[in-house]
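Below you'll find the structures, each written out as structure tokens.
Below are two complexes that have chain A in common, paired first with chain B and then with chain C.
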Partner chain A sequence: MPNTKRSRLFKVAASAVAVTLGATALAACGSEDKDSAAESGPASLTYWTWTPGMDKVVDLWNKGPGKKDQITVTVKKQASGDTLVTKILTAHKAGKAPDLVQAEYQALPTLVSNDALADIAKNVGDAKDKFAEGVWQQTTLGTDAVYAVPQDIGPMMFYYREDLFKKYKLTVPTTWEQFAGTARQLKKVAPDKDLTTFSANDSGLFAGLAQQAGAKWWTTSGDKWKVGIDDPATEKVAKFWGDLVKEGAVDNQPMYTPAWNKAINTGKQIAWVSAVWAPGTLNTAAPDTKGKWAMAPLPQWSNSENVTGSWGGSSTAVTTDSQHKAAAAKFAAWLNTDGDALNALAKEGGIYPASSSAQLSGAFTTPPDYFSNQPDFYGQAAKIAKTTAPSAWGPNVNVAYTSFKDAFGAAAKDKSDFTAALKTMQDATVTDMKKQGFEVSE
Partner chain B sequence: MSSLAVQKVPSAAGTTGTAQGRPPLRNRIALVPTITLLLGAIYCLLPVAWVVIASTKSGSELFSTFTFLPGTGFMDNLTDLSAYRDGIYWQWMGNSALYAGLGALLSTCVSAFSGYALAIYRFRGREAIFNVLLAGVLMPPVILAVPQYLLLAKADLTDSYLSVLLPQILSPYGVYLARIYAAAAVPADIVEAGRMDGASEWRIFTRIALPMMVPGLVTVFLFQFVAVWNNFLLPYIMLSDDERFPITLGLFTLLEQGANTPALYTLVITGAFLAVIPLVALFLVIQRFWSLDLLSGAVKS
Partner chain C sequence: MTTTSRRSYGVKGAPYAFLLPAATLFALFFALPIGYAIWLSFRKVKVSGLGLGSGARREVWAGVENYTDALTDNELVDGALRVLGYGCVVVPVMLGLALLFALMLDSDKVRLAPFTRLAIFLPYAIPGVVAALLWGFLYLPDVSPFYFVLERLGLPQPDLLDGGPLYLALSNIAVWGGTGFNMIVIYTSLRAIPAEVYEAAKLDGATPLQIALRIKIPMVAPSLVLTFFFSIIATLQVFNEPTTLKPLTNSVSTTWSPLMKVYRDAFGTGDIYQAAAEAVIIALATLVLSFGFLRAANRRNRQEAAR
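Right, the complex of A and B next:
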């Protein structure tokens, strides 16, 4: 990475602290190097992941295929999010990144452009058939290399209160135009209720909606990046929600707050645009309305279309710091394609598997507890998952996301122009990429 | 800091009560600071009250019942928290106690040595060293976390208890405070008298100076303890094994479980509540040293 300015800053700071830490470093020199034992023979791998219960899934490996191949994996549970990407990159700078990391799809370009992820194409190439094309494409970044194995995905769906839709005589919208109509109709019959809210505190939601509309936020041509955050598709989405917020047809308060939980739980908000993992969130946010919700495909931009975006999802990647890349890749492939492993992942970690064959087996033959009223929940989910639009992530998604939260958060609060906020987001992203030393075409 | 503010409220009221003459004016003067301090106390204590009350609520009560209405789930929350991943919460608590307790103790020792030396001895470069330390006081520890990680990685010490303890032992602020305190509390005449009587420098320090510095060192210990207990970034960067996590990191992993898993709010809130208790207890226990501090200051003036 041509990131000279930042690394120079780093050196200055490091030498400044070297003075104060001198004594510490001296004391440390005497200690023995315990990692040097892992050179050949049996491989011992560390794995940074945030999936709950992953240690139990890894136990299956350590007692089964891993034992045969003498590959032992140790889970080190981490907190998810952008902070973990920073932590991985910091560790990578010191050459101490773990062998395996869990990474969200939108973080892969950042990790790859920092040379933190190894190309495991020759180790996991066969796994390709197990995944939908749009899913697999996210781990190749459009190259011949493979930088990760998909683990879970978050196809987006429309969740609504079945009972209240009946009560207010609303129909489930199949297009966004109908969605706007439904929101207005609800305001007429029950002015104190909202269909849903536009929340700017999770950028993944907006990214997914834009993806559904056909947006391609980051693309490359030759050596140059092109940032299309303000492309017509995204602008359409931003304008749609901006208008709804402005006229007051939907609420403008952020989600995942106690107030939002209350609104969802008491039926003040009667629908939620979310993804396949929503049952878990609803279970915490709206425990009193269990069994009253239903899931439908996301509304479309035109009647002839059938696409959805994705919100969330992650993959398993092997780092360039690993001494046992082949062994690590073998584990990554097993974890995300083996039937038993995926069953355990679903049971222990509550994930929705990226592997197409696992989406209809094991834990996914019965609906989630919260949606026991919709027996075909996962059957429908698998169908929707197949329609996921391809995504296009770039090396500074975190910057775009932060800018989204600031700009759209303010715009939603003031009910002001969303397209202006989108322009702010585009400019912030391009400026940051140039600052990082990427070539960006206008 | 909040408990400091709280402590001062009764003492301020006490002075006005005992003071004689022109009571109406005195009372009017005392009213403003008292109200200010009370407002400050409410501002600081309201979130604490929220945590205390929210920790008694069960998952379904948390967002549905009135905010300051106690719930019924405290014991269940406690059991759930203790059961979460075989009681790893208590391991985090123990780790925090180790990092903060041992770290603050070592840091206080270093501060006492260097503070005393800087205050009593005259040697070349003394002011230069002190100025560097002053610069260190101004430098937020957050900036140092990444360079410290890279340095410790060179020594292969990352992801160990030492990696969190070592960087916290030298606290510029502690040294600064110890020097100021030693300069004020240890008269040069006494040190000189000790030398005349033939005591070694070590003996003068341990037997004469150290007891005089105790109130100041207690303050250093407390500041450092609280700083380490609340520290997030340094252990976050240093540690990857969650068996070594302090409580701040542990609670963070409970919150950030990935998009498809809801945050464990009730566990985090109960955990945060329990994590405050040791700090409150520490302040209550060490409070008497502080009154000693105030007292000795009063005698001198």
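Right, the complex of A and C next:
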């Protein structure tokens, strides 16, 4: 105890020195601290997350396993997605990032490239078998390190208005070719309706569709990156949607607007290519059509295939700024593999767990309220989740995503060539990587 | 002798002592951040290898690279042109309406003046984001009551969130929000004109219209210059309205206005160095344009005074 004062003084002095030496020095100082002092003894951790109700899940930890190990976690609610990445990077620059952060899979390379995430392989390595291989691989970036523990996933599916499909005598498409046929047929019987829309305001949707077609946007060989955004697989997807928009078979307006809400609520748009979290969105956007929707696997590129892409999903990561990395990793593993924790996450946060065993237990034995007409909703979802294609994220997904919004937004508006927009996206991504000094192979 | 010299020393030092708080605040919260932004604009990040893990990313000197990139970037130039087009609609319409309303409120025949003044001023009290959301809903064909009425009447329904009409749609939000403020500025200076001036004009047989054109407008010219000056700055910095409308339409890109590009580069693509360089360029352009206008206006005033 008499040491406390001196050690605190030392810490103040150390951090003052570290600030003058820059962030790298501070990070180094932090990791030393972890190995010596923080393995045992009380730890107080801060956790940045956007999952609703996370404070209640964390309460389970603080009153249960956390109490035993004297590890207390405090939730600081954050905005989701890209905004949080920027915030984490800014905080990390000052050496003040929280201990734990929620991060979308595609943001992990960006965070790792900025040295914001700690390698927790030796703390959470044995959690690996709880997850599908394609999911776990996203947190290792193809290295021996482990940068996060998967939390939720977003396998993609096809949602449609069961009643209207019957009314217009449409069949549920199982291939993309049939999908195009369905869109055209609907235009014939009901010219003012659309099967769906191609929306350029959420890059994750397009990335997921490309992933399903077998695209690998970022790959490495040796010390070089290769950017394959305009690879044949993605080009096929871009051309497919571009042609549908051009001939007017599907709408070209963005989703998540008041107009879109109205279109899917009134049956002006009768289907939606989405992911496992769609029931929540539909519940808000189309409350009047509850019970009239059904879910089916995503259409395939060929009859023999059975793959899907993923849209959304996130993980729990430990930052390099954390003074208690081992304790933080312990919590991250508990949160995403423990049965009680996952049940609470599903109940309070409405997430679809990445952990394979949790996908059929607890909250997932009954369908979501919105889909009470489809009792086997989660059984089917778990089957679809197993078919998720591997993904390949790179260090500047944010650049590619912003470029997508602008290039495809303009192309959708003008009903012009989507493959040209794809080329713009590829060029913007490569230019940015080269500017940052990455070696990019042509 | 000694007392005098000490006292004079104290007197000499006093102004500096009084200045110190202001100077410190200026240095800390104004000069320092600006200086840091300028410093950042000459830096860039340099990655080695695959860029993963610790120590793979360094900050290095970039010279004027960020500036040449910004100036040769079509998106920034296009954004500037878009804002120019937008300003050509907003500034004349907004100031014209503000002047008209101020003159009407100032006329003798007006009734319910305080209420009208408040009603015109009220939109200014509504935050820009809220105003843009409100108008955005009215512009969207599927949810707008206007389109409902147009459809019932069988009239054409223009797409306000596309092409040329988009400029009008955006300008409308700015005019709606800004007219009241400018009107108050002009109106206040109208009230400051002494009554004798009007009396003299009336004795000379001037009609109310002549009074407005020949006396009132020339006498409030300084306020017009001021409101024009503010409007130019506000136009160059337009950000709220297009950013709020962006999710509603494919027509507004993430780099629609120069400031939106700064925001995108800093927080979307994470290149704060590039964003800093662009911010410096926009600040310089704003300074040159606004002060250039002020000087031109002052010179004209002086010439008129000399005549």
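Here is the rule we use: the second predicted complex is superposed on the first by the 402 of 442 C-alpha atoms of A that agree within 3 Å, B and C clash if a C-alpha of one lies under 4 Å from a C-alpha of the other, contacts with A are read in each partner's own complex, and residues count from 1 in each chain.
Just so we're on the same page, contacts are C-beta pairs under 8 Å (C-beta built on N, C-alpha and C of every residue); 3 or more make two chains touch, one makes a residue touch a chain.
Just so it is clear, the structure is predicted and the values come from calculations on it, not from any experiment.
Colleague: Go through the superposed model and pick first if A:T83 touches only chain B, second if only chain C, both, or neither.
Modeller: Once the two structures are laid over each other on A, A:T83 reaches both partners.
Colleague: Looking at A:S357 after the superposition, I want to know if it touches chain B, chain C, both of them or none. Which is it: first, second, both, neither?
Modeller: Neither partner.
Colleague: Thinking of the overlay built on chain A, is A:K262 touched by chain B (first), by chain C (second), by both, or by neither?
Modeller: Once the two structures are laid over each other on A, A:K262 reaches both partners.
Colleague: When the two structures are laid over each other on chain A, which of chain B and chain C touches more residues of chain A?
Modeller: Partner touching more chain A residues in the overlay: B.
Colleague: Taking the superposition on A as described, I'd like to know which of chain B and chain C A:D115 touches: first, second, both or neither.
Modeller: second
Colleague: Looking at A:D406 after the superposition, I want to know if it touches chain B, chain C, both of them or none. Which is it: first, second, both, neither?
Modeller: second
Colleague: In the superposed arrangement, does A:Q323 touch chain B (first), chain C (second), both or neither?
Modeller: The answer is neither, since A:Q323 touches no partner chain.
Colleague: Touching A:T219 in the superposition: chain B (first), chain C (second), both, neither?
Modeller: neither
Colleague: Would you sort A:T51 into first (chain B), second (chain C), both or neither based on which partner it touches?
Modeller: In the superposed model, A:T51 contacts chain B only, not chain C.
Colleague: Would you tell me the residues on chain A in contact with chain B in one complex that are also in contact with chain C in the other?
Modeller: In chain A, residues 24, 27, 83, 258, 262 are touched by chain B and also by chain C.
Colleague: In the complex, go through chain A and note every residue touching chain C.
Modeller: 24, 27, 82-83, 85-86, 89, 109-110, 112-115, 119, 141, 143, 145, 200-201, 220, 223-225, 252-254, 256-259, 262-263, 320, 395-396, 398-399, 402, 405-406, 409-410, 412-413, 432, 435-439
Colleague: For a test of understanding, state which residues of chain C touch chain A in their complex under the given definition.
Modeller: Of all residues in chain C, those touching chain A are 44-57, 69, 137, 140-143, 162, 247-251, 253-255, 264, 267-271.
Colleague: Which residues of chain A touch chain B in their complex?
Modeller: Against chain B, chain A makes touches at 10, 13-14, 16-21, 23-25, 27-29, 31, 33-35, 46, 48, 50-52, 76-81, 83, 87, 90-91, 93-96, 98, 152, 154, 204, 258, 261-262, 265-266, 275-277, 280-281, 283-285, 287-288, 311-314, 349-352.
Colleague: Within their complex, state which residues of chain B touch chain A.
Modeller: Chain B residues touching chain A: 59-60, 62-64, 132, 136, 143-144, 146-158, 162, 166-167, 169-170, 172, 236-237, 240-242, 249, 252-253, 255-263, 265.
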